[in-house]
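Got a structure for you, written out below as structure tokens; questions coming shortly.
Here the chain labels run A, B, C and D in written order, and each chain numbers its own residues starting at 1.
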Amino acid sequence: MKTGLGFVAAVNLIIWAGITLYLFILDRRLKKLERRPGYRDHGGGDG
Amino acid sequence: MIYKILLTIWMNLIIAAVFLYIEPAAGFPGEVSRILFFHVPMAWVATLAFLLSMIASSVYLITRKVNADFLAQSSAELGFLFCFLATVTGSIFAKATWGSFWNWDPRQTSIVMLLMIYGAYFVLRSAVADHEKRRVFAGVYSILAFCTVPFLVFIVPRITNSLHPEDTLNPAKPGMDIKTLIFFLGSLCAYTGLFVWMLRLKVRMLRIMDKERGRINFHK
Amino acid sequence: MCFLKVTGIGKHFSTTILFKDISFALNSGDVMAITGWNGSGKSTMLRIIAGLVRPSAGQVEMFCDNKPIPKKFRRQYVGMVAPALALYDELTALENMEFFCRVRGIAYDRKSCFNILERVDLVKHAEKICGTFSSGMKQRLKLVQALIHKPPLLLLDEPGCNLDSRGIKSVKNIISDQRTWGITVIASNEKREVDYADSIVNLSN
Amino acid sequence: MHPTKSGRWITQTVSSTYLTEAVAIWFRDLRSEFRTRYAVNSILMFALTTLVTVSFSIGSFRIEESERPFLYAVLLWIILVFSALSGLSRSFVKEQEAGTMDILKLSARPQAVFLGKLLFNLTMLGVLELIIVPAFILLMGYKIKFPGCFVAMMVTGGLGLGAGTTLVAAMIAQANARGALFSALSFPLLLPLIITAIKGSERAAYGISAAGWPEVKIAAAYAVIMITVSLLLFPLIWEE
């Protein structure tokens, strides 16, 4: 096992943790917006 | 929610294993072969995203449901992101093995084409004010662009020979040992899962933004 | 014998509603006027009927001899005059007519074109480039363009604008002529033009 | 089709096909173009200026004899493609600017409009190539071993240029920013064609024999596919 690899793996894991954190926060925010009264999932035609 | 947590853990595992558990593949200088576990899944997700975007565009043109266009747009944007990342990782690999970041390898040529096509796609989207027209034009353009792709397959290999390691690092061929194969496929799954997650977030975001713009719904 | 049925038409541009829930039905021989303040969507309504604009809600159906006309064939049954519909400025009056005949698949014949031009007093100017025409002369030529294929549905958006008294008289003739066999829809606020109609739809209400 | 009643306007209809209607649109465009020289001026001026610049700065001896077939092919196609991109959108953009687009939508079938505009664009490209290619060959001293193959490459390349850009022209005419958009959108679609055309012209100039002129065939196939797909898609962007 070379010493450099552990460092690279750690950097990768930190980046990945950042990405997931961001995605989870985004998820929560969107959920909050969707739960607001008045949000209606139209999903239908373009008018 | 469960699948998102599982995905997070799974990705952690993959990253750790790729650097600390897997042996580097033979025939490549130093540790460069480890990029395979990131580069190939990115390229795969980009392909998947562009294909999905094309299909969603066609569905929009047939049914005129806005949701199909939201999917097409999100998929194109994510495809562009992953395509860009694949280009960067590919370039790093090229530098480490062949000594230059860019040498117009057929793979690099076609990926630049894709980036150009989707760059133009976003320019077109931003240039049309009317929302429905924008969706139709974007759909038409992506189908038209898709029709030019087969020509690249014909033409590009005639110009230069590829250095891209397909035969040396092809999971379908028996050259790869079983441990590498498992983590390679695992990484592929993880990236696809990540793509699906991001895609759903993006679609929900577009839907809320569309609502916020005060679109009036006549079909109450 | 043609029949035009408009049900629940609404149109909005992103955040502003232009009008909604407009419905009416017209038979051959009917003349209808669409009125409303400036910006109330009169022209847009006519464009929706012609099939140039997609409505946000509702539908326009047309039947000829009891057969429904699919939307993509509707343009063959529609003649339209509107301030925003321009003719080709680089061509002469006659060349414009020739083009519209050819493109609509009507036999072009110089003599009958002169006959039509005579009806709107344009014979003298038949060989002149349209770019040199006055707005009143252009308006007359637009009327000719709309009638060239004998449309069962005639859509007139401010037909009298820029016209002198003789021109207005020929508009009157055209409408009474159309009344004998087709539908006419006029979008206007001119009292004189609204008076030609048997029914009125007001978009401002 | 049209209800008739004697004594009213013109009554007789002729059997008309997409082609006759397309030809009517084509002739009308040519007539307007002949009177205003809207598109042809901008295309030719662009082409001539670039040609003069290239010829002045490179001349006929600056490049090694052995490099010429390839480099000249590149230069020629760059001149042709970018001058075409500078003017081919004119026919649609002018309809939009003059306010005649709606009247065209009302009177002609979409496929006929597309074919008419395509024919017009191909005419423009024909004029462009007829003037620029001989001028380029004379000014640069371009030696071509297989003139037949070279001409075929020019013809099919021109066809492909027209086929790949006409639908985009119709789209940008209805968009807000028209100027640079046309090149930005057309270029990625044209890239396979341009690469093929450069390769084919180089081969014709070198005199490397290849059975059956493969580049000419690829360019022709490109043109056919783009025209077919455009014909299918055009009604979607033309109506409403």
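Basically, a residue touches a chain if its C-beta (ideal position, glycine included) is under 8 Å from a C-beta of that chain, and two chains touch if they have at least 3 such contacts.
None of the values given here were measured: they were computed from a predicted structure.
J.: Compute per-chain Cα centres, compare each with the mean of all protein Cα atoms, and return the closest chain.
T.: Smallest offset from the overall C-alpha mean is found for D.
J.: If we define chain centres by averaging CA atoms, which chain lands farthest from chain C? Would you check?
T.: Checked the centroid distances; the maximum from chain C is A.
J.: Can you compute the centre-to-centre distance for chain B and chain C, using the mean CA position of each chain? Integer Å is fine.
T.: 51
J.: Can you give the whole-Å distance between the Cα centres of chain A and chain D?
T.: That pair's centroid distance is 47 Å.
J.: Using mean CA coordinates as chain centres, what's the chain C-chain D distance in Å?
T.: 35
J.: Let me have the rounded angstrom distance from the C-alpha centre of chain A over to the C-alpha centre of chain C, please.
T.: 55
J.: Among the residues of chain A, which ones contact at least 2 other chains?
T.: 47 - these are the residues of chain A that touch more than one other chain.
J.: Residues touching two or more other chains, restricted to chain D: which are they?
T.: 240
J.: Listing for chain B: what residues touch at least two other chains?
T.: Those would be 131-132, 218-219.
J.: Touching chain B in the complex: which residues of chain A?
T.: It is residues 1-2, 4-6, 8-9, 12-13, 16, 20, 23-24, 26-27, 30, 33-34, 39-47 of chain A that touch chain B.
J.: Which residues of chain D touch chain B in the complex?
T.: Residue list for chain D touching chain B: 164, 167-168, 171-172, 174-177, 181, 184-185, 187-189, 191-193, 195-196, 199, 218, 221-222, 225-226, 229-230, 233, 236-237, 240.
J.: In their shared complex, at which residues does chain B touch chain A?
T.: 4, 8, 11-12, 15-16, 18-20, 31, 63-67, 131-132, 135, 197-198, 201, 204-205, 207-208, 211, 217-219
J.: Of all residues in chain D, which touch chain C in the complex?
T.: 1-5, 8-16, 20-21, 24-25, 28, 31-32, 35-36, 98-100, 102-103, 105-108, 112, 235, 239-240
J.: Show me the residue ranges of chain C that touch chain D in the complex, using the header's touch definition.
T.: Residues in contact with chain D: 2, 47, 50-54, 64, 72, 75-76, 78, 80, 82, 84-91, 95, 99-107, 109, 112-113, 116, 129, 145, 147-150, 152, 177, 181.
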